Each structure stands twice: as C-alpha cells, then as structure tokens.
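Sharing a structure here in structure tokens format.
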C-alpha cells in the first residue's frame, strides 16, 4: 500500500505535468492557426459524444506545418545554424576546458578541493548574469575594445556583440564547468604510475600524454561534449542577448513564433522537430553513460 | 611534495581568469559613479540605493523567492520519492516510462518544457501566476533532486536497511530511522540545487508566468535587452556575493568535516 | 550432575530431539539460476552450525532465508515447528550479524545496540540495563558514546555482535563475521565467539568460506557446493572421513589417487599406477568399483630406509620442500611422475633436516590412514 503511494505520487505528477503537456504540443502541431481563442483549429467538439469528437478532431489533423517548415528556408537555416553553433562551441569548450581539467588533476593534492570549488562556483551563480556580464565587455564601446584601442592593437572598434562570435564566447563561458568536471573526474581517477610505466617502457613525455592520458580521458571528454552540445542546441538566452538579429538559433525562433507571431501550431511544430533532432545525441549520450556504468561494475 | 608545473600553472591561471574576470568587472563597475557604465567616474554606492528604491525589482525578488522556496521543497519530496522508487522499488508496471520521465527533463530544451507547460495550463484553464510557476519549476527541478539523491542511494549499503528490518523495524520505520538520516546530506544538496535552479530560471518562468507574477530573471532579462545599466550591475553584484558566501561557507564546512572524519578514522585505527 | 556434563553435545544423534530449524526440500531459483537445490537439513538448539563452501555455492542464500530476506521457491522452512513462510523479517525471533556489519553510521555504539530493543516489547526502563549487559559481554563499555567510524575494525565487529544478540534471539545468523579482520585478530575472535555462544546459549548459524574458521568454531559443518549440501558432520568427521572427493579436497590438504578397488575381506586393494604396488585400505565397500584413495599428507611417513611395518610403501625422490616453520611438506616424485605430499613436524633445526632436494626416500602409510571415496 505504501509502496503504491510512493510510486503513484511522483508518477502521476510527471504524467500530468510532463507527458500530457507534451502530448498537447504534439496535438497542436497538427492543427492550423486561427483567429480565435485558443488561436488554433480544429478544437475538440464533444457535443456529439467524446469518441465522435475525437474521431472528428483526428480526421482534421494534417502535416501542413511540417510541410511548411521543411519548405521554408528560414527554418532549415535555423536548424542548421543551431547545429553548427552547438557543434563548434562544443569544440571550443573542449579546447578551453581540457587544459583546465588537466591542470586541476595534476595540481598538488591540497589545492584540488579549492580549484574544484572555483569551477563549481560560477555554476551556482545566475546564468543570466553571467551572460549579461559579456554585454558590457564585447560592445562597441565595451571594456575589451577600450583596452585594445588604448594598447594601440586596433585602430577602430571591433564589432563582436550581436555577431555569432559573441554567441560562441557566451556558450563556451557558461558551459565550461560542464566540460571541465567530467574530464577532471576521468583524469583524477587515472593512476599516475601508468605514466611512469609508459616512460619506463620508452615513451617520451609527449607520447605518453597522447598514448596514455588522452585515451583514458576519452570517456570524460565524450560525456563533457554531450553535456555542452545538448543544451547548447536549444539555447535561447545566449543568442537573444549576445547574438543580435543576425544569429538564427532554433530556440529563439520558437520563442518568437510563440510570443511575437502568436502562431501556436508552428511553434509546436518547431518544438517537435527540435526534439526529434535532439533524440539522436540524447540516445548516444545515454548509451555512453550506460557503457561507463557497466565498465565500472565489471 | 608535488608542485604546479609551468604549463599547468599557466593553463589554470588563464582558465580561471576567463571564468572570473567578467564577473569581477561587473562587480567593480557596480560601484561606478557614472550612469555611462563603460566610463569610470569614481567610487559610489548610489546604484545600490536606487535599487533599494525600485519597487518593481523588490516585488519580483519576493515572487522569485517564494516560487523558489515552494518549488524546491515540493521537488525535494517528489524527487526523493522518485529516486527511492527507481533505486529500491524493484519492478512495477510502467517503470521504463517512469524512469524516462524522471530523466528526460534534464536534457529537454527549456523552450520546449516551457511551451508545453504553458499550453497545458491553458488547456486545463489554470490562471497563470505564482502557482503555475511553482508547478513548472517543481516538475523540472524534481528530476535534478532525484538524480542527486539516487546517486547517493545507489552507493548506500543495502544491508543497513536489512539490518533495520532484522532488528524489528517495519519497512517505513526503516526508511525513517535509518535511510533518511543517512541520505540527508544529499537530500539537502538536492533542495539547494532545486532552489538555485528556480532562482535562476528565465525561460520556463517566462512561459508559465502571468502579468501579475514577474520573477526577477524575467525583470532582469527585459531590462538588459536594452543594454547594460548600473542598477543591474548592482543587483548582479548582490547575487554574486550571496552565492559566493554560500558556496565558500559550504565548502569550508565540508572540508572541516572531512578533516575531522579523517582524524577520527586515524585515531580509531591507531 | 557430572555425568550429564560429561555427555557429548550431539543432539543430532538423538532420535527424540526436536530440531530448532528444519529445511524441508527447499529450492530457490533466481530466474534460470538455481541457488539452492532441494535441500533438507535440521539444525538443533544450542548448536554452532557452520555453512561452508566457495562463493556462489548458495550458503548465503540459505542463511538469508532464515533471516527472512529471501523466500524459498518451493519447500518449507520451520522454526520451532512454526512455518516461516509468511513471517516477515522484522517479526522473526532471528537476528543477523551482517558481513559488512551494517552499523548505523548516524547512531552511537549505545544507540546501535539499543536499536532493536526499542522496537521490541521490552519495557523502556529495562533497555539501558540490557544494553549495559551487552556492552560488558563484548567489552565495549568505554566506547558506548562513540560513532562507528570512531572505533577500530575489531570493535565494530563486536558492536555488530552485541547489537544482534541484544534482543536475545532464538537464532543468531553470522554472515562471514570475521572476514574483515586480519588473521591474528580473527583467531582470537573465534574463541571469543565460541565463548559468547556458550554463555548465552543461543543457537548460532555461521556462513564462511574459511575452512579453518568453520573447523574451529562449529559443532557441525555443512559443506556446500553448487546449491546442494555435500556432507553434514562434526569437524572431525569431515576431516577424517570425508564422504566425497569434493569434501576431501575442499577441507585441508590431501593426496588423491584415482584407481580401481577390489574387495578382499574388510580391505580394498586399489590398483592406481602402473609399476606400483596396490594400496591396501580398510573400507566398508562390498564390491569392486572405480574409486579415489584419499590420504592427508601428515598421515604419510617419510624415511631414508625402507620401512618394515607399514602395509603401503612407495619409493621416490624429493622434488620440492615447502618449509612452513613448524611443519615441512615434502613433495615426492614417483618414477612415473606422480607426486605425493608428506608432511612432517620440524623437530630439528632446519640445518639438520634429514632430507633435501633429489634425495631418494620411502613413503609409507597404514591401511587405516586414508579413505576410499567413490563420489
């Protein structure tokens, strides 16, 4: 009895507030926009009985929005540019994050807890504020341009804010801890006598790094890349604050379809397709995690 | 004793400079006299004064704290239940669907979660306000709580619960008097995480909020879209300061506890 | 009075004695895997009963059934003639000492011991006295206020014992109770356990993979393999008269010589190797059969001269010597390459020992020194 209660409460909560809402999104994505309340058609009409109403409703569903989305360049470009931005910024985050994780894992033991805290601290700090901090730095009259101009490195202010470059910087900056932590965890677990063994067997320091350290950090790198790539793909705050009107990202498109154009069916379709794209990396990520767990158990 | 190599010291310095300089600049310029935020015109705390006068910000802050408190508390209860069911519940009908629903919100883009919840609230005719934001935040943060708690439960020695049963506890009594006190730190960590996530959330709150219930992130977002302002700098400084104090205190407490436990373990062995 | 004290404790030989625990045709399956295969076993009051076997043989599953953490797939278990099938773990007059000790880390030593009492029918006022008694029994009075992580491994082991004894269970289960202790401490603790068992008069069932431990503490030992009980007997009987090659090999060191037995009176005449005389051994067998002759190394004598009196003798040369301080085991190779081990107490200093590598020697044993095994 108690067990049933324990299962039922979170289960019903998630059914009602996670699964049902998503079913509604799916249902609206098959509808058409209308000047009504709610602003889409068809709606469920149960005047002739619930089942007749549902049958009638389903018969009016169509894939018009999906055809519209695949036909329109704007959406194609938005999806592709989201994928590109997410992939490239994941790569840049890896470039920045790996040396930090490596440095932390090779730091003196008594320093590691402090370094760890310094990596986690920004994670607890407001995401919005961390993105906002870059507006002041990257603007045409921002601190970065002031610095470069005063050093005489440039003659005229650079335009960084409201370009894709600013979006890359924003993503690398905010998601850095997600990359550093799993790599650090993998490197810290590594037995250092492995490196001594490699050197003992004739490796140079550099080749020991490439032949021993990097393969052993691989699992951490993969986990870190997924942890950055997946949320970056649907990112909204960073492109809308730093990217300007030229940066197309699908999260921003969805937001605008819903809030500015009030086109619920198209916004829902955008959401469904975004989710379909995300399912592939999510499944790969889950598989990777499961494989790691099995390796640990073995 | 091991020391920093030249390469590691450089990469750590550059890395942490990248992480912290933007926030440090923000904090410094929040004490700038001038309204032109990029030009330093002398030290002043006047923007903090103006912030304290700004009722819109104060109201939004109060809404945010209420939402964060209630959503993290409910999420902690639900998330702990979900974690317990997943780790200890054995098999039951629809377990795969359940574990899928527990972990999916972790990877779901916020725009999709927000959109679907808003459409749901409209469909069931629920007026948008504090209640809907609490419902929305509880739903996504309970997943984080259950991840934190279940990772503790997985490493929990099951024979402790069996020992409790063996000594005459009912299953519920065993949970209350043995399991819960031992996993308490992770439950508290889950609550803190849920609280922070709720304080921080912009996207889901934007979808779930009504005209009368604006949270602080929504307020900040609409203000910073127009550019940098000294009031927001002051507000950011306060928030960064609170988090820093919290995290540093927590890690000092943990460090002291670890040191004490190690000393006791050494004493017991010796 | 004196005569009853002299009587050997052997309720299993008494046909009128009622067993405390009775397993009747118990089988336990986990999916396709059969952990316990049709076991029938009686355990008597005041016994110190050992379940011995390699890991995965089902001994822990058998014990967990008594505790109430596993249910038999078929068959029944009774305690004091009452069926245990529908009694949950928390209602059984059975307590368990866990392999990991399972001490509650958030409670002090005192509260760990009082934990079960607080959930029993014992009046609140009597609990402190009982806890004190347990602390005294396990010599832990000084540590009552400490938390489990503040005491040593040996002390933790005693807290676990005190906690499981506090409710005065009819049956105490011990799951590898000494596994986490180092060898010296383990030996001391074995005697302590026997002492406490005698003082409290509780029936103990211990699970162990350590044959020395089982032999030291137990009144009877059940040797298990792959879900079945191979032999149940007193430690002496298990060692001296194993009923199968498996038991002979599992307990202690043994020479095994497969061959073929012919019966001549009360003796078996075993042909076992070409060019070697047959082995004569006393046996209950009545017909010739394939068999294995088993003999313990310490029952084999080693000498330079051909021995006169013993029935069985073979000649070979010393291949290896394992020096253990008090004992030496000589590995003697016969001309056909077979190796027989002989163990000798080292009565002389190592420099003066009689044999060394490559020395030709004689091995000999009487016709009652070994056993003829057909399983």
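A, B and C are the chain letters, set down in written order, and residue numbers restart from 1 in every chain.
Convention: contacts are C-beta pairs under 8 Å (C-beta built on N, C-alpha and C of every residue); 3 or more make two chains touch, one makes a residue touch a chain.
Source: prediction; values computed, not measured.
Student: I want to compare two interfaces, B-C and A-B. Which one has more contacting C-beta pairs?
Tutor: Between B-C and A-B, the larger count of C-beta pairs in contact belongs to A-B.
Student: With centres defined by CA atoms only, which chain is the most remote from chain B?
Tutor: Result for max centroid distance from chain B is chain C.
Student: Can you identify the chain nearest the overall CA centroid, using each chain's own CA centroid?
Tutor: B
Student: Which whole number of Å gives the spacing of the CA centres of chain A and chain C?
Tutor: 59
Student: Measuring centre to centre with CA averages, how many angstrom lie between chain B and chain C?
Tutor: Computed value for the inter-centroid distance: 55 Å.
Student: What is the distance, in whole Å, between the centres of chain A and chain B, each centre taken as the mean of its C-alpha atoms?
Tutor: The mean C-alpha positions of chain A and chain B differ by 18 Å.
Student: Going by the contact rule already set, what residues in chain C reach two or more other chains?
Tutor: Residues of chain C never touch two or more of the other chains.
Student: Among all residues of chain A, which ones touch two or more of the remaining chains?
Tutor: None at all.
Student: Spell out the residues on chain B that touch chain C in their complex, using ranges where they run on.
Tutor: Interface residues on the chain B side: 157, 159-160, 162-170, 173, 178, 181-182, 261, 264-265, 267-269.
Student: Where on chain C does chain B make contact in their complex?
Tutor: 67-69, 88-91, 94-96, 98-100, 102, 104-106, 115-116, 119-120, 147, 149-152, 155, 163-164, 167
Student: List the residues on chain A that touch chain B in their complex, please.
Tutor: 2-3, 6-7, 9-11, 13-15, 17-22, 24-25, 28, 38, 96, 99-100, 102-104, 106-109, 111, 113, 115, 117-122, 124-130, 132-137, 139, 141-143, 146, 173, 176, 230-231, 233-237, 240-241, 251, 254-255, 258, 264, 267-268, 271, 274-275, 278, 282, 285
Student: Within their complex, state which residues of chain B touch chain A.
Tutor: Interface residues on chain B, with respect to chain A: 1-5, 7-9, 11-12, 15-16, 18-20, 22-23, 25-26, 29, 37-38, 78-79, 81-82, 84-85, 89, 92, 94, 98, 101-102, 104-105, 107-112, 115-117, 119-120, 122-123, 135-136, 138-139, 142, 146, 171-172, 196, 199-200, 202-203, 217, 220-221, 224-225, 227-228, 232, 236, 239-240, 243-244, 246-248, 251, 255.
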